[in-house]
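Quick notes on the structure that follows.
Labels for the chains are A, B, C and D, by order of writing; each one numbers its residues from 1.
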Amino acid sequence: MSKIVIETTEVLKKRDLGQNCFHLILGTFSKTKSIKPGQFIHIKTINGGGVFFRRAFSIFDINPKENSIEILFKVFGRGTAELSKAQKGDKINVMGPLGNGFTLPSKKITSIIAGGGIGMPPLYFLAKYMIEKGYNSEKIWFFYGGKTKNELMELSKIKKLGINLVISTDDGSYGFKGFVSQAINDNFDGLNGQNILFACGPLGLLKAIDQMALREKMSGQISLEAPMPCGIGICLGCILPLREGGYTRVCREGPVYKIGEVIL
Amino acid sequence: MSKIVIETTEVLKKRDLGQNCFHLILGTFSKTKSIKPGQFIHIKTINGGGVFFRRAFSIFDINPKENSIEILFKVFGRGTAELSKAQKGDKINVMGPLGNGFTLPSKKITSIIAGGGIGMPPLYFLAKYMIEKGYNSEKIWFFYGGKTKNELMELSKIKKLGINLVISTDDGSYGFKGFVSQAINDNFDGLNGQNILFACGPLGLLKAIDQMALREKMSGQISLEAPMPCGIGICLGCILPLREGGYTRVCREGPVYKIGEVIL
Amino acid sequence: MTPDLSIEIAGMKFNNPILTASGTCGYGEELADVFDLSHIGGIVTKSITVKPREGHPPPRTAETDSGMLNAIGLANVGVDRFIAEKLRFLEKFDTRVIVNVAGSTTQEYVDICSRLADYPRADMVELNFSCPNVQHGMAVATNPSLAENTVKEVTRVFSRPVIAKLSPNVTDITEIARACENGGASALSLINTLVGMAVDIETFRPRLTNNTGGLSGPAIKPVALAMVHKVYKAVRIPLIGIGGISNYRDVVEFFLCGARAVQIGTALFVQPDTPIQIIKDLKNYLSKNKFKNINEIVGQLRIY
Amino acid sequence: MTPDLSIEIAGMKFNNPILTASGTCGYGEELADVFDLSHIGGIVTKSITVKPREGHPPPRTAETDSGMLNAIGLANVGVDRFIAEKLRFLEKFDTRVIVNVAGSTTQEYVDICSRLADYPRADMVELNFSCPNVQHGMAVATNPSLAENTVKEVTRVFSRPVIAKLSPNVTDITEIARACENGGASALSLINTLVGMAVDIETFRPRLTNNTGGLSGPAIKPVALAMVHKVYKAVRIPLIGIGGISNYRDVVEFFLCGARAVQIGTALFVQPDTPIQIIKDLKNYLSKNKFKNINEIVGQLRIY
C-alpha cells in the first residue's frame, strides 16, 4: 500500500475561533492511525477558486477511532481564505501524511516545548502524543505565546493535558508578559544539555530558540515552513539552505530539523 | 446613472427542483424595476472555481418591492455546476439587465407563447408581465413542453397566471403527447397572421416555430442563445449570422429576434 | 493629498495610466453604458482596416484556464464609418482616443493613418503589428525591417504620436522593439495575444473556426511581464503594458517592470468596470506607500 | 474488451502513452510513495548535468493564475550519482526510463549520453534544448544548426532513441523541429516552459531569485496544443505532447493534434496521482467512443 494517500474527506466539524482562526475536523482519512506529531497534510482548497497549489497544515490532533484528523489555521492569503469558507459537509481533498515529524526524546529527560501563534498545533499534538505514550507529564513543559490574549487558541484543551503550561503574551494581556523565549528563561529553572527543546512558530521565536540552544548547549528540534508547491519532494521549490552547504526540501527532509541544521 | 450595473447580490432563497434544475432568488438588485421580459443577467459563478467567464441567465421573475430577481437553471457544464453549489446567504455578483427583451404585441391580438425545456423562464416572465399590463388572459396561450414529466418546472406557478395553458411531453408522461409545435397545431384553432408567436427553447423547437410562422405567414419573436464571453457587446464572440448578411451580437442586438431575422 | 495618477506619453498628458485594450472595448459605446469613459486615461479602439470586415464565422471565442482564445478576424466598421460615427461618439469624453490600425500592406497602414491625421481627436494611432489571425500582421510582427519601415512611413503622414503594438510570438522581442524605435515610434505597447488552440474532443474540431487563435487573460500575465521587463532594458521610448491585467496589483507589477501606462483587455469581459476599480485601488496603494506620483514607481523593480 | 493504450516510439513499446515530465517527478522515488511506477508508460527524469548542481537560491517557484513559474536552475545529482543510485532504483519498475540531459556545450551532451549508453535501462535520452534558466540551453533552443549538430553528435554515442525537447520561446518552432529531425532525433517532445515573470509589489522584488522563470501548468495548454499541431504538419517523427495536461480530456486534445504520447508535469504537484486517473479515464473514453486502440486518434483533428 502507498505511504501517501490522496483522499476526499468531509468537513465533520468547523469552528470559528475568532481572529480569523478556524478549527476543522476532517474525515475519514485512512492513514489517520499512522500520523506522527510534526507531520502535515496538503489540502486542495474548496473549488480551486483561483488558488492553484495545495496548502500545507500541520496535524493538530487525530481521532483514530473515527479516522478523523484536525487542523487549526489562520487566514493568511488566498488559499487559507478559500479554506475558511468550507462548511460542515463540504468535501475537501487531503494528501498525506507528509514530512518527517518529530523524533521522540528519551523518557528520562525534560522536554521544553515552545510555540508561538499558528506554530502551536503540531506542538499540542506532540505533547498529547507523549502523554499517550506514557511520558511523565511533569517532565513536559509547554510555553505557548501570542501577541495578545485573543490570539491564543484552544487553551482549555491544552490545559487538559496536565503538563506544565506557561502562557505568555507580548502585551501582557494574558499570562506572562513577554516573548516565549523570555518566558522560558524566567519560568524554567536549569536550562542545560539535559533538557531538549521543541519549537514551532514565527521566525523571531525560532531564532531566539536557536540562540538559546547554542548558549545552553541544548539539543532540540524545530519545525519549519516554506511555500510548498507539491509537498512531496518533487518540485524542489520548498528549499532552505543547510549549514553544512546545499539545500534541504522542507516538505520531505523536514519540516522538523535538528536545531542548527538549517540556516534561519 | 449607468444603464447596466454590476452588483453583489445575496442568495435569498434556493430551491432544488430535481433533474439538476435549480431556482434562485437574488437580491437586492437595484435595477430590478427596469427589467423587461426577455432580458438576462450575467453571473459570476461563486468562487471562480476554474470558470473564467460569467454565465447568462434569463430573468424568470422579479419582485420589485424587495428588488429581488429570480432565475431557473439546469446544470449543463462547469459554470452551472458551480452555480448549483450556491447556498442561501452566499454572495453572487450579477451584471445586468442585459439584452433587448421582447417587444410587447398589440393588446388586440392573440399571443402564442411556446417554450421547451430551459427556454421556459423568460416566457413565464413575459406572460406574467402581459397580465400585469392588463392584457386579456384569454388572448394569451402558453405551450410548455418537455421531454418527460419530470422535466417540467414550476407548473403551479404558471397555472396561477390564469392563461390558456397547454402542457406537452415528448413521451406523453404528462399532458399532450408530442412536441410543442404539434401541441400548438392540435390544440390551437386558427393559426394565422392575426396571432403572434413568442418562442424560446431548444434549436429543434425554434426551427419548428420558424417553419410554422413561414407557413402561416405569422410574425413572432424568438429568444436565442450563444456562448457569451462578455454579455455586453464588447467581445464580438456571441455572434449568429443574419439572413440579410453579416452577423448579429446575441447579447446586445438580441437575445430576442424577429422570426426569420437570424439563420438558425 | 490624493496621489497624482496622470502620466505623459510623447508629450501628451493622460488623466491616468489606465486604458482599455484594442478589440476588448469596441469603440467605447457599450462600456459607456457601464461607466463614464471620462474616468479612464484612454481608450484604444478595435483595430480598423481600410474596408469594413465581418470577421471569422462563429465560434470565434473559447474559454480556457484563466484565459480565453479568440479569432475574431478583425471584424470592424472600416476607417470611413469609424471616422463618421465612432470617433464622433468618442469626442464627447475627456479621455485620450488611441486608434488601433491594422493593414495587410504597409500602404494600407499609411492610407488609414493619413485619413486619421485630419481628425485631431484621434490623439494617437497604435499599429497592430501582431494580430496572429491574419497573414501580413504576423509578417510585420516578426520582421524588424518591415516593422521599422512601416512605422517610418506612417510617421510621415501622421504627425501625432505613433505607437507600435508588439507580438509575443517571437524569439527575441527586443529586436522588433528596437526596430520600431528606430522607425520613429513614440511608444511601444505589449503584448498582443499568444498563438493558441483548443479542441472539442466530442467533435474532433478546433474550438475556433480559424483553427488557432490568440490567448489572453491572467494566464499570460507572467509572459507579458517578462517581455515588458526585457524591452524596458532595450529601448528608451515609453512602454504600455498589456496582458492579463485584472487588478491594481497587476498594474503595479507592470509599472515596476517599466510600463508607464497599461491596457486592460480580457478582464473587461468578466468585469467591465475593472478600470474604475483599479484607479481607486491604485490611489490607495500609492497613498499607503507614500508615493505622490505614479511615475515614481516606473522601472523600480529590484532585480536580484 | 478494454482498449489498447500501448504505443510505440522509434520501435520501443510503451505500456501506455502517459509519462511524467522532466523536473516534475524527480527520479521517481517520491512518486513511488504515491503509486506504483509500473502503471505509467514512462518516467522522464530530472535534467542531469555532468556535475551535480544545487540550483538557484530560494524562492525558485511562484504560484500564478492556473499555473506556476519556476527557476530551479537544473538542481540535480549529476550523471555519476544518477547512474549509481537513481537509475538502479528505477530499474525495478516495468516502465520506460527516459533520461533528460542538459549540457552547456554540445560536448557535455555527448559526454553524458555516452556514459548513459552503457546502461540499457536508460531506454532513451531526452535532450533538454529549452531550459530558459541557463545560458547555453536557450542558445540551442533557438539555433537550428546548433540543435541539429548536437542531436547528430549524441546519436553517434547513444544508439537507442534520442528525443529532442523543444522550447516554445521561438518565432517558428518548426524550424528547430525540422533541424532536430534532420540531426537524427527519433522523436520530439514539446513544449518546455514559456519565459515568464512575477513581482512582489510589497518588496519590489521579482518572485524568483533568477528574476525570470518558466511558466507551466494549465495556463499554457493552448500554446502547447497550437505548437504540437504546427510541428505535426512539419515533421514525420513522433511527437510527445507536454504542457498543462491535467486530465484525460487534455490528453485527447494533444493526441488529436498529433501527439503519440504525453508528459504530465505541473499537474503532479497538485495531484500526484494524475497519471493513474488519466489512464483509467482514457480507457473509458476510448471504449465509449468505440476505439480499440489509442493510436487511432493520433492527428485526427478535423480542421476547418
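Everything below uses one rule, namely that a contact is a pair of C-beta atoms (placed from the backbone, for glycine too) under 8 Å apart; a residue touches a chain by one contact, two chains touch by 3 or more.
Since we're looking at a predicted model, the values are computed, not measured.
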To get from chain A to chain C along touching chains, fewest steps?
-> 2
The chain whose C-alpha centroid lies farthest from that of chain B is chain A
Calculate how many whole Å lie between the centre of chain C and the centre of chain D, each centre taken as the average of the chain's C-alpha atoms.
-> 34
Calculate how many whole Å lie between the centre of chain B and the centre of chain C, each centre taken as the average of the chain's C-alpha atoms.
-> 37
Expressed in whole Å, how far the mean CA point of chain B lies from that of chain D is 48
Numbers and ranges of chain D residues touching at least 2 other chains = 64-67, 217
For chain A, residues contacting two or more additional chains = 50
In the complex formed with chain A, which residues of chain D make contact?
-> 24-26, 29-31, 33-35, 54-55, 57-61, 63-68, 70, 72, 75, 217, 268-273
Please give the residue numbers of chain D that touch chain C in the complex, ascending.
-> 64-67, 69, 142, 169-171, 194-199, 201, 203-206, 209-212, 215, 217-223, 225-226, 229, 244, 249, 252-253, 256-257, 285, 300-304
Give every residue of chain B touching chain C within the complex, in rising order.
-> 2-4, 6, 44, 50-54, 95, 226-227, 229-230, 232-241, 246-247, 252
